[in-house]
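Quick heads-up: structures coming right below.
The same chain A turns up in both complexes below, where it pairs with chain B and then with chain C.
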Partner chain A sequence: MLENYLPIMIFIAIGIAIGVLPVLAGFVLGPRKPDSEKLSPYECGFEAFEDSRMRFDVRYYLVAILFIIFDLEIAFLFPWAIVLDSIGMFGFIAMMIFLGILVIGFIYEWKKGALEWE
Partner chain B sequence: MGFERFVFYVFAVILVYAAARVITVRNPVHAVLHLVLAFFTCAGLWLLLEAEFLAITLVLVYVGAVMVLFLFVVMMLDINVSPLREGFVKYLPMGFVVALLIFAEMFMVLGVKNFGAQAVAIPERHGADYSNTREIGNVLYTDYVYPFEIASVILLVAIIAAIALTMRRRPDTRSQDPVAQVAVRREDRVRLVKMKTEEKSG
Partner chain C sequence: MAEFWEFIREPFFITLWIVAILVPLLLGVAYLTYAERKIIGYMQVRIGPNRVGPRGWLQPIADALKLLMKEIIVPQNSNRFLFLIAPMISIAPALAAWAVMPFTDRLVLANIDASLLYILALTSMGVYGVIIAGWASNSKYAFLGAMRSAAQIVAYEIAMGFALVGVLIAGGSLNLVDIVQAQQGSLVHWFWLPLFPLFLVYFISGVAETNRAPFDVAEGESEIVAGFHVEYSGMAFAVFFLAEYANMILIAALAALMFLGGWLSPFEGTWFESWFAWVPGIFWLLVKTSLFLFCFLWFRATFPRYRYDQIMRLGWKVFIPITIVWIVVAGGLVVGEVGPWFN
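Entry: the complex of A and B
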C-alpha cells in the first residue's frame, strides 16, 4: 500500500531540496560580516517604534472565521463530487439543501455588512 | 509489513514529540508551529490507516485555515506571557484533579474494553484502486443525510454567532466613496469670487 505513495515522497523530497538548497548555498557561499547595525531590528530604515504585538481590530478574526466556515463547506463538496453518479437525485437534493442553508448564512453576512471594509 | 510498521513508529515518535513541545515550549509562536507539525504527522498516520480523505481534510482545514488563525492571534495579540505563568503551583492540585477526571472518562469510553484488539477486528487491507473518499461519499449523503444537514445548520449558527459577536460599526473611521469622487463636478469644489483689484498702497 505504501508503494502508492512513492511519487508523493519523491515530490516532497524535491520540494524540500528546492526550498533548502538555495538557503544552504547562500549560507555556505555568501560572505558574512555582521555588525551591530546590520543585526539590529529594522523598520523601513528608521529605529523600531514599538513592540510588534499590539491591539488590533476584531474584524480581522471575523474574516478568518468566515473563511474557515466556508472552507469546511468545500470539504463536504469533494466526496459528493466523486460519488454523484451513484447516489443519484437523493444525494443531489441533500447537497442542495446543505448549500441552501449555508447560502442563508451567506446572505445574512452580506446584508449585515460583514464583508464590507468601512 | 515491516517497513510500514517502521513508518508508523517514525510518525508516532514525531507526533508525540511535537505534542509534548506544544505544551512545554516557552514561545507561543513555536508552540503553534509544533502544533502544525503534530497535525501533519497525524495526517501521515491517517494515510497509513487508509483514511486518505480525512488526512487531506486535516491538512486543508486545520493546517490551512485554523492554524493560520491561531498563528495570527498568537503573533499579533498583545499577550504578556509572564503574568499568565504566575500561580502555577497554586493551581497545580486542581489541574491535576481535572486531568485525572478527563483521563478516567476517556479511558472508560476509549479503553481496552471497547477498542482493544479483542473488541475490534483488525481492518483488512484494500488494493490500490480502493477509494476511501468514495466510501465516505456513498454513505454520507444517503444513510447519514440527517447528520449531514445538521452539520450545515451548525455551520450556519457559527456564521451568525461570529457576526453577532464581532460585528460592530466604527463611526470614527474615514473611508472614500468612489461614486461620489467620480460624480463630482467642478462647481462643487471650486468657487470663483469676483472682487475688485486691490489698490497698491504706499
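Entry: the complex of A and C
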C-alpha cells in the first residue's frame, strides 16, 4: 500500500528540480548587469508612486472565506459520493438534507450581496 | 555492492519511469506553444512562425534558448527568496500531478486509491505560486494581477470540485483507473452524457483555473500588463510559462479520462469495433486530450475577454447552482439505478 507512494515522493522531488534547475541555469548563462532603472518596479515608465503593498478590496477577503466554506462542503461530499451506491436511499436522503441546509446558506449569501462585483 | 544495488534498484526504475513521462510532457508543452501560435495564426489568416527550421518546427527550441540566455532581473525591494521560490511552487505541483495519471489500465506509475484526491490537492497548490509571485515582486501590477487571479482560481475551484463530486457519484471510486473502467460499454456510456452539465462546467472551470482566454484578466495585457509575472524575466518567467501549459495539458487529460472514457475506443459496442481493435488505448487518450487542447486554443482565438465581475458572476451564480442541481440528479440516477449507465 504505502510503497505506492514512493513514486509520488520521487516525482515531487523531480518536479521541484525542474523548477530549480532552469532558473539556476538562467543565472549562470544569462548576463548580469543590474542598474537602478532596471531594478525599479515596472509602472509604465513612471517612477513608482507609492508602496505597492497597498490596501485592497475587502471582497477578495470575502471570496477567500466563502471558498473555505464551500471547499469544506466538497470535502464532506467526497466520501458520500464514493459509497452512494452501497448506502442507497437512506444515504441519499441524508445528504439531501445536508445539501438543503447548504443551499439555504447560499441563498442567504446571494441575497446579502456577498457574490456581487460591480 | 549488491546490497547497494538492491537498495537503489526500485528508485532507479521509478526515476526512469518518471523521465519517460516527463520528457514527452515537456516536449508536449513546448510544441503546444508552437501549435498555439500556428493555429491562432491560421485562424487569423496568418501563417504563424515559419522562419526557424522547416515550417518553423524549431521555434519552441529557439524560444527556450533565448530565454535561457536572458538576464533574470530580481527587482529592488522585492522579497528575493519568495520571488525566486514562486515559479518553483507553481511548476512542481503541475508536474507532480502526473504521478498518478493512468495512460492505459495497466500503464500507471502510482496506482493509488485516492488518485483524484491527490490531483485535486496538488492542483490547488498552484494558487500559492501565483499569490507569492504577486506579493514578492513588490509591483502594483503584479499585486493586482495576483489578487484577481487568486480570487478567480479559488472561485472556479469550487465549481470544479462539485463537478468532480458528480464524477465520483457516477464512477463510485476515487481511483482514475476505476473511473475510466466504469465508463466501459460504448460512446454513450461515457460520463459526458449522464453528466453533461458537469462536463461543461468542468472544462470551462478548467479554462478559468489556468487563467486562459477568455478568462485571462489576471494577465490581461490591456489593463495590467502581464499580471502576477510582470516582474519576471528569463528562465524565471519560462518556468511560469511551463507551469501554465503543463496545467492545460493536465486539465485536458483529466477531462478526457473522466468524461470521454480515457483510453477506451470510441467504436466500442458498434459493429465495426474489431476494425479498430489493433489501436493501442493510449492513442485514444492522446486524441481526446488533443481535442480539449485544441478547444483551449480555439477559445483564445474566438472569444473576447470577460470582464472581471462577469467572471465572478459566472463562477458563483451560474456554475455552483448548476453543479449542485446536477449532483442531486446524478445521485438520483445512481440510487434509482437508471440505465444504461448505473445498472
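The rule is short, and it goes like this: the second predicted complex is superposed on the first by the 113 of 118 C-alpha atoms of A that agree within 3 Å, B and C clash if a C-alpha of one lies under 4 Å from a C-alpha of the other, contacts with A are read in each partner's own complex, and residues count from 1 in each chain.
Rule of thumb we're sticking to: a contact is a pair of C-beta atoms (placed from the backbone, for glycine too) under 8 Å apart; a residue touches a chain by one contact, two chains touch by 3 or more.
The structure displayed is predicted, hence computed values, not measured ones.
With both complexes superposed on chain A, which partner does A:Leu72 reach: first (chain B), second (chain C), both or neither?
The first partner, chain B, only.
One more residue to check, A:Ile101. First (chain B), second (chain C), both or neither?
First partner only, chain B.
Pick one for A:Lys112: touches chain B only (first), chain C only (second), both, or neither.
Touch partner of A:Lys112: chain B, not chain C.
In the superposed model, does chain B or chain C contact more residues of chain A?
C
Could you say whether A:Val58 touches chain B, chain C, both of them, or neither, answering first, second, both or neither?
A:Val58 sits against chain B, while chain C stays out of touch.
When the two structures are overlaid on chain A, which partner does A:Asn4 contact: first (chain B), second (chain C), both, or neither?
So A:Asn4 meets both chain B and chain C here.
Return first, second, both or neither, reflecting whether A:Gly19 touches chain B, chain C, both chains, or no partner chain.
second
Can you pull the chain A residues that chain B and chain C both touch?
Common interface on chain A, chain B vs chain C: 4-5, 52-54, 56-57, 59-60, 64, 66-67, 71, 78, 82, 95, 99, 102, 106, 118.
Which part of chain B faces chain A closely enough to touch in the complex?
It comes out as residues 3-4, 7, 47-48, 50, 53, 57, 60-61, 64-66, 68-69, 72-73, 75-79, 125-126, 128, 131, 133-134, 136-138, 140-142, 145, 148-149, 151-153, 155-156, 158-160, 162-163, 166-170, 173, 175.
Show me the residue ranges of chain A that touch chain C in the complex, using the header's touch definition.
For chain A paired with chain C, touching residues are 4-8, 10-12, 14-16, 18-20, 22-23, 25-27, 29-34, 36, 38-44, 48, 52-54, 56-57, 59-60, 63-64, 66-67, 70-71, 74, 77-78, 81-82, 84-85, 88-89, 92, 95-96, 99, 102-103, 106, 110, 115-118.
Hey, which residues of chain C end up touching chain A in the complex?
Interface residues on chain C, with respect to chain A: 10-11, 14-15, 17-18, 22, 26, 67-77, 84, 87-96, 98-100, 109-112, 117-118, 135, 137-144, 147, 150-151, 154-155, 157-158, 161-162, 164-166, 168-169, 172-174, 225, 230-231, 234-236, 238-239, 242, 308-309, 312-313, 316-317, 320-321, 324, 327-328, 331-332, 334-335, 342.
What does chain A use to touch chain B in their complex?
1-2, 4-5, 51-62, 64-69, 71-73, 75-76, 78-80, 82-83, 86-87, 90-91, 94-95, 97-99, 101-102, 104-106, 108-109, 112-114, 118
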